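Chain IDs A, B and C follow the sequence of writing; residue 1 opens each chain.
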Amino acid sequence: MMEVSASSVSLREFGCEQTLLSRPDGSASFVQGDTSVMAGVYGPAEVKVSKEIYDRATLEVLIQPKVGLPGVRERSQEQCVRETCEAALLLSLHPRSSLTLILQVLHDDGSLLGCCLNAACMALMDAGLSMSCLFCGVSCAITADGRIITDPTAAQEKESRALMTFAIDSTERRVIMSSTKGSFSVHELQQCIAVSQKASEKIFHFYRDSVRRRYSKNL
Amino acid sequence: MAGLELLSDQGYRLDGRKAAELRKVQARMGVFAQADGSAYLEQGNTKALAVVYGPHEMRGSRSRALHDRAVINCQYSMATFSTAERKRRPHGDRKSTEMSLHLKQTFEAAVMTQLFPRSQIDIYVKILQSDGGNYSVCVNAATLAVINAGIPMRDYVCACTVGFVDETPLADLCYAEESGGVSSLALALLPRGGQIALLQMDARLHQDHLESLIEAAMTACKGVSKVLDEVVRQHLQEASVLTRE
Amino acid sequence: MKDTPLSNCERDFLIKAIEEKKRLDGRQTYDYRKIKITFGTDYGCCFVDLGQTRVVAQVSCELVAPKESRPSEGIMFFNIELSPMASPAFEQGRQSELSVKLNRQLERCLRNSKCIDTESLCVVSGEKVWQVRVDVHTLNNDGNLMDAASIAAIAALSHFRRPDVGIQGEEVTVFSPEERDPIPLSIYHMPISISFAFFQQGTFLLVDPCEREERVMDGLLMIAMNKHREICSIQSSGGIMLLKEQVMRCSKIASVKVSEITELINKALFNDRTARKAGRKCGFAESLPQERITALKTDQSEVEMTDVSERASDIIQKAEAPPPMAASPVLPAPGVGQVGHGLQNTWGLEEDEEQEEESSGEEEEIKMEEEQREKDKTTEAVVEISDSEEEEVVILYPETTKKPKNAGSSSDQKGAAASKKRQKK
């Protein structure tokens, strides 16, 4: 059986700033080590007739790469983020309206999808949209010798055998979304999920701290 | 380009003109019967055809209509055979979209659009042969076409490109001069009030020379306006002679 | 999504304020908003804040074949991406008028003014040159995107370093930053675009209009200049009529503003350089304002790992055992000639029939194998199995007759398949 060495399992330093853009209804930038993503949310607003859904809001997620135009990679990431947000948001509260979430990649140094999810959650919180739970993204990499690395850097991602990203909800620490690459055993998958759940506590704690700090001053 | 001497010591340019001399301008109005207004204009070797439709009801999306004035819709295109190298896309690339935008701006300033609320005026310009000063030739041709269509304007809009070589402004650049790395300035002028409808400049020029360059451009534009005025008068005379008979 | 329209009251208020030489944010007529320039972690990444307007520029490069008309010159490519993040009115993937206008002005400002030595970007004449690509993303539009974009683009270009290349005969080697220090681009001068907004048919003029002011303005004049007071491009837009004197006045103001901004860019570049040299952390993460109440940062943290292994194995134990692997090659369906291992066929076959036959098919197969073996023993010389023989084999089995005719014939085929398999072995 594989042993998990504790040394590799750490989260890089992370930071977040909310309400940093004036135009969007909610905005946040999330920094994990050198990876950083900026998110902006517009809505609920008027929706195009072709995209209208009669009983809930239409959520649109756009991911802008730093160089060039969005391609297939971005589309698949958009899908992952959109499905996670749809699971968390109470979309039925805003029927026939549109929500737009735009994520701008500012620097990619590994765990990009995880960082996108975190930025998205912070921006949705900032926009004041009702959610059934919060969510966070955790990326894990399994190295060639079977060690698990959480929040890998780009170099670590490159050398890893498998890469997984989980979205975890805040109420029961369940997995909302998983995106995996590479080969791994069932045991390894379960271990990664367990590690991610542990790591998610840190991130949710950080969410709580930053929100508490934000509302610490009474007006 | 070092090899080309754009202005000789005697003060002559590549094609034998003096510094402030314009190319020969020839124009005809009313070349098409179908359009509301049309004109053909040659300025040296640059030849352009302009057609005006309107003012008419809004076409396409009605939401673009303005409640207090007319919308001007411009399209600039270059014939595939207009340049030495065959052009792949006659319109739709960034440069021609920009040119369409500039034409639109120029004519929004000059045409009295507030007289035709909720309507649209289409101006289509095509360059048949390109030999420098495309923008200015287009503006001049379109002015004649708009006049031919009987749409009221504040004044003629005349445009001219000027360059700056050896501390001397050169009026009405041809292609060889334009591509020779001269800093060029395109200016659209309403000559009577001396108002600038559009100003555009490329390449480097010291700030101190700007004034003399603009001055030269304005003089050149006024020269063009005289020629255009003559063309219009002649056309009217011909038309009135025809109707009398 | 549409932009929120500006009400008539707001419009009148703004214009009246401008007439009284007052601006919404308390600036004077010729004042610029606060400019903040920060650089990212990698080379050629620059963030510019112009008041609330925010853009990010990223420079990248790749080796491409040069243009035929200019075989020994590198290629510059500029793109201003009007991301929907900046304003709800911007749509993705649509070439709007504004985007054409901004892109062309940036091109004119930076490419036509020849501020970058494109000949130094040539690697092998006529074959390989560097293509330098500048992507400017708008993050927040609070007016005057052009100035912010031009500052970001030129600052990013000055910050950028391209990989070094070595040429040995025909071979071109691109060195990674670890092998050889990347080299900066050679930049002759820094053109910066300055925007002037005109109101009331050109009677009032404002520098650096904000978004509200842009909405009520009649027209815009953009002048790009460098600190040597050389004008790199002028562009007027909107249906305004300018007088020569106004243009001259604007150019004088522009020259002052440009020298201030150039100073600022140089200072930012210098700060970044010293920070990098000192080996300090630099980049966007470091520029996160610590003092703001909306921002928070944590240090690197370990994740508690004590019971992870146990929990994972617990879950696995609790979970149902995975279905055992199929040990022997399975014939997925009748009518499929399969050799070796393979996945189950998921084509639209009737499920019930399939199941039934699979089991019976397997039995058949085993029996058939026995049969075949016997045959092989007896008639070893016979390599080819003729059709008639096969038919015989099938007829030997009484159970096939119980089945509907259709199934019978298909199992027949299967028999053929199985026998062929044996043959291959």
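Observations
Heads up, the rule we're going with is that a residue touches a chain if its C-beta (ideal position, glycine included) is under 8 Å from a C-beta of that chain, and two chains touch if they have at least 3 such contacts.
The shown structure was predicted, so the numbers you read here are calculated from the model rather than taken from an experiment.
Relative to subunit A, the chain whose mean Cα position lies farthest away is B. Of all chain pairs, the one linked by the largest number of contacting C-beta pairs is A-C.
Separation between the centroids of subunit A and subunit B, computed from CA atoms only, is 54 Å. Centroid to centroid, with C-alpha atoms defining each point, subunit B and subunit C lie 40 Å apart. One finds 18 Å separating the Cα centroids of subunit A and subunit C. The touching residues of subunit C, when paired with subunit B in their complex, are 95, 97, 100-101, 103-104, 108, 112-114, 221, 225-226, 228-244, 247-248, 251-252, 255. For subunit B in complex with subunit C, the touching residues are 94-95, 97-98, 101, 105, 108-109, 185, 190, 193-208, 210-211, 214-215, 218. The part of subunit C that touches subunit A in the complex is made up of residues 1-2, 40-42, 45, 52, 54, 56, 58, 60, 81, 83-88, 92, 133, 135, 137, 139-142, 283-285, 288-289, 292-305, 308-309, 311-313, 315-316, 322. Against subunit C, the residues of subunit A that register as touching in their complex are 1, 3-4, 6, 9-24, 27, 29, 31, 33-34, 36, 38, 40, 42-43, 45-46, 62, 64, 66-70, 98, 100, 102, 104, 106-107, 109, 150, 186-187, 190-191, 193-195, 198-199, 202, 206, 209-210, 213-214, 216-217.
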